[in-house]
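Presented sequentially are two complexes of chain A, the first with chain B as partner and the second with chain C.
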Partner chain A sequence: MDTSFPNPLDLAGRHCLVTGAASGIGRATAELFAALGARVSLVDCNEASLRALAEALPNGPHACHVHDLADVDGIDDLVRDIVAGLGPLHSVVHAAGIQSVLPAKDLKPEVWRRILAVNTEAALALARNMARKRICQGGGAVVFISSVMALAGSAGAVAYAMSKSALHGLARSLALELAPQGTRVNCIAPGFVRTPMLERLERDWDASQREAVEALHPLGFGEPQDIAQAAAFLVAATGRWITGSVLVVDGGYLAK
Partner chain B sequence: MNAQSPACLLITGASSGLGREMALRFSADHRLILAGRDEARLQAARLACHAPERHLVWRHDLADVEGIAGQLGAFLAAESVQVESLIHCAARLDVLPLRSLEPERVQATFRTNVLAALELVRTLTKKRINQQRLRAVVFVSSIASQFGAKGFSAYGASKAALDALMKALAVELAPVVRVNSVLPGALRTAMTASMFDDPQLAERLVADYPLGIGAPADVVDAVEFLLSDKARWITGQQLVVDGGRSSNITA
Partner chain C sequence: MDTFLKEMADILDEESVRENDRLDGFGSWDSLAVLSVVAMADSRYHATFSAREIRGVATVGDLYRLLSAGAKAG
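== the complex of A and B ==
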């Protein structure tokens, strides 16, 4: 009996846009998608890391687009360039995100506006393009990387939590708008994952604080690949009846 | 028996509907134990699997919760196998208005849907019975655990209890065993056939699902993902697979 199945996660021929692709979760997602056969358009503001990654990725062709996503007004042009480069999009994974740990009283409007711009407004500006026929021909997929901070509180994370919770609301309503063309919109809410963002947070912790944060996760800290696998599952045909959902990947953080 | 005994995937409710679909799909890559009430239907499901001779059938009515530990333990010992993964798919659904919900019917729903799940995991984490081989558990819950619907009091309460059980087990059994739920929306299966037989209800159901009514295969992929190493950092979670139904407040 033939027991060789095609890989259900296969992304061959798909054009996927990944933001925050130079590091952390975005980078792991770009690497996995390329390995699954996708052509990947990489977006990040860190040009050197982006170019190095594009050269290391298998399959292809892939493309690099250096863009600071805080420039929300420029995103329509960015998407137009991306489609001009590698053709219509199948999927978007918005993994770019920034965070400033500050008590609310010390949070300046320009700080929270930048967090909201990159984490949330850029997500909307990117994803709404998927409603356009020349950008996505239907049957596409959008994944926003949110956070457990969208579902549980943490002192010092008010702006970040606000920006990430908004992604959940955005995803639910956009899921309904895009369902008629078969395009799905979902979120992944990670716990603390070993990324450059976590490394920056860790600089302010002593060993016991670090241990205490890791102990909040029954399975310990996660790896960027753990989130990339979930993104592939949602984007590939395996996620075909999943839309408007939040997939929590947090090593048990929220179950406690 | 020793730790080298073959590792199996135990699927409850394997004789029909979603459970049978899972058995057929997973039979290529796993050695299965198909669990259900009806020997003939279980054997028919086994014969429909890839390499039928590789798989086992455990006939047990899960409403008999008290009998699970003894009978499953004896079965595993007799077959010299152990269980590495568990999918609890068996469920009882009686769509009944409140006035007809006699305590016995509620208890029957809870026995199969919740108490059996707890007793299966308890049994499979006993060293004497399963040699600490259990690694991953998926409960098939329902979006009815999150939302209300007429006639769904007992079923919805049982699935909400199942999800709460899932979270507690995930924390208690980490990092050795991962425990998660999938929450499907309405699928066309034998369990829901009566709902789709009612043309008015069927029409409303279809209209409420942005991506249409689901097929069992849509949920099987999600279960496969949660059982696999790709989900090695996912535990204690409810994965909604419902074609957008629970996002749709205009339904």
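== the complex of A and C ==
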């Protein structure tokens, strides 16, 4: 009796594009996908961190692409270069994101426009390429990393929340456009995850504020690997019948 | 100082503020106002302060001196 069981998260032979790959959730996703056998095209604006990561990843080959995703007009060329390098894409994980915590009355248009450019417009500019046969030959997957801030309000986070909730509408409609090609589009909404972005916020908290925020998560703060594993679940064969959805991975933050 | 007082009045949503006003005397002196001051320090004074440092000052005048000192040091 054959007792072997194929790894349902196997990504061998898949070419995956991961943005924000130099740190945090993007980095953890790139590391996991490489470990699962994928060829990973890493995108970030931090060249040194990107190159160090590419050298450390197992399997491969992998490729680095330094690009500021606020340059939305340049994204079609970026995707073309990525495909020219490692072949057609199987999947895209948009993990890059920025935020600026400020009350709405003090938010300047250039600040919120940059947040929207990186968090939302870049997501659309990247993902719409998956409709093109020379970019993705069908049966692929797109994952947008959104946030619990897209589902629960937080004072001071209006631009970030706006940018992340837009990803949910984008995913639902794009899922319907790409379904005929068998390509799935989903979001993951993380709670507070220990990343450089959270570390920057924590610097301004005193001990009681930190405890209060952590107490909002019944299972404590998350780790980047928690989100990377959810992304692998959606991208691999395990996510075959999931599209247009938002997977909340938040340690129970929204359960309250 | 006059420009700073006007900016602080805007952040605190007050008609005007004075150099000797205690910050904790304003109902709008909260964590979001502190973040607005951090952003102002960065954009106007090219100085980086943490929210903790901003919260540590007592009066509007003390805040002005803190930001000005940070601008000179930068």
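Here is the rule we use: the second predicted complex is superposed on the first by the 255 of 256 C-alpha atoms of A that agree within 3 Å, B and C clash if a C-alpha of one lies under 4 Å from a C-alpha of the other, contacts with A are read in each partner's own complex, and residues count from 1 in each chain.
The definition used in the following text is that a residue touches a chain if its C-beta (ideal position, glycine included) is under 8 Å from a C-beta of that chain, and two chains touch if they have at least 3 such contacts.
Predicted model, so just to flag it, every value in this text is computed and none were measured.
Enquirer: Check whether A:L102 is in contact with chain B, with chain C, with both or with neither, and answer first, second, both or neither.
Expert: A:L102: touches chain C, not chain B.
Enquirer: Once the shared chain is lined up, is A:W241 touching chain B (first), chain C (second), both, or neither of them?
Expert: After superposing on A, A:W241 lies in contact with chain B but is clear of chain C.
Enquirer: Return the chain, chain B or chain C, that is in touch with more residues of chain A.
Expert: The partner that reaches more residues of chain A in the superposed model: B.
Enquirer: Touching A:R203 in the superposition: chain B (first), chain C (second), both, neither?
Expert: A:R203 sits against chain C, while chain B stays out of touch.
Enquirer: Where does A:G156 make contact in the superposed view: on chain B (first), on chain C (second), on both, or on neither?
Expert: The answer is second: A:G156 touches chain C but not chain B.
Enquirer: Could you list, by residue number, the parts of chain C that touch chain A in their complex?
Expert: 11, 13, 31-36, 38-39, 50-52
Enquirer: What does chain A use to touch chain B in their complex?
Expert: It is residues 1, 3, 5, 8, 171-173, 175-176, 179-180, 182, 184, 191, 218-220, 222-223, 226, 229-230, 232-233, 237-252, 254-256 of chain A that touch chain B.
Enquirer: Which part of chain B faces chain A closely enough to touch in the complex?
Expert: Where chain B meets chain A, its residues are 28-29, 50-51, 167-168, 170-171, 174-175, 178, 210-211, 214-215, 218-219, 221-222, 224-225, 230-237, 239-244, 246-248, 250.
Enquirer: Which residues of chain A touch chain C in their complex?
Expert: For this pair, the touching residues of chain A are 100-103, 105-106, 155-156, 203-204, 206.
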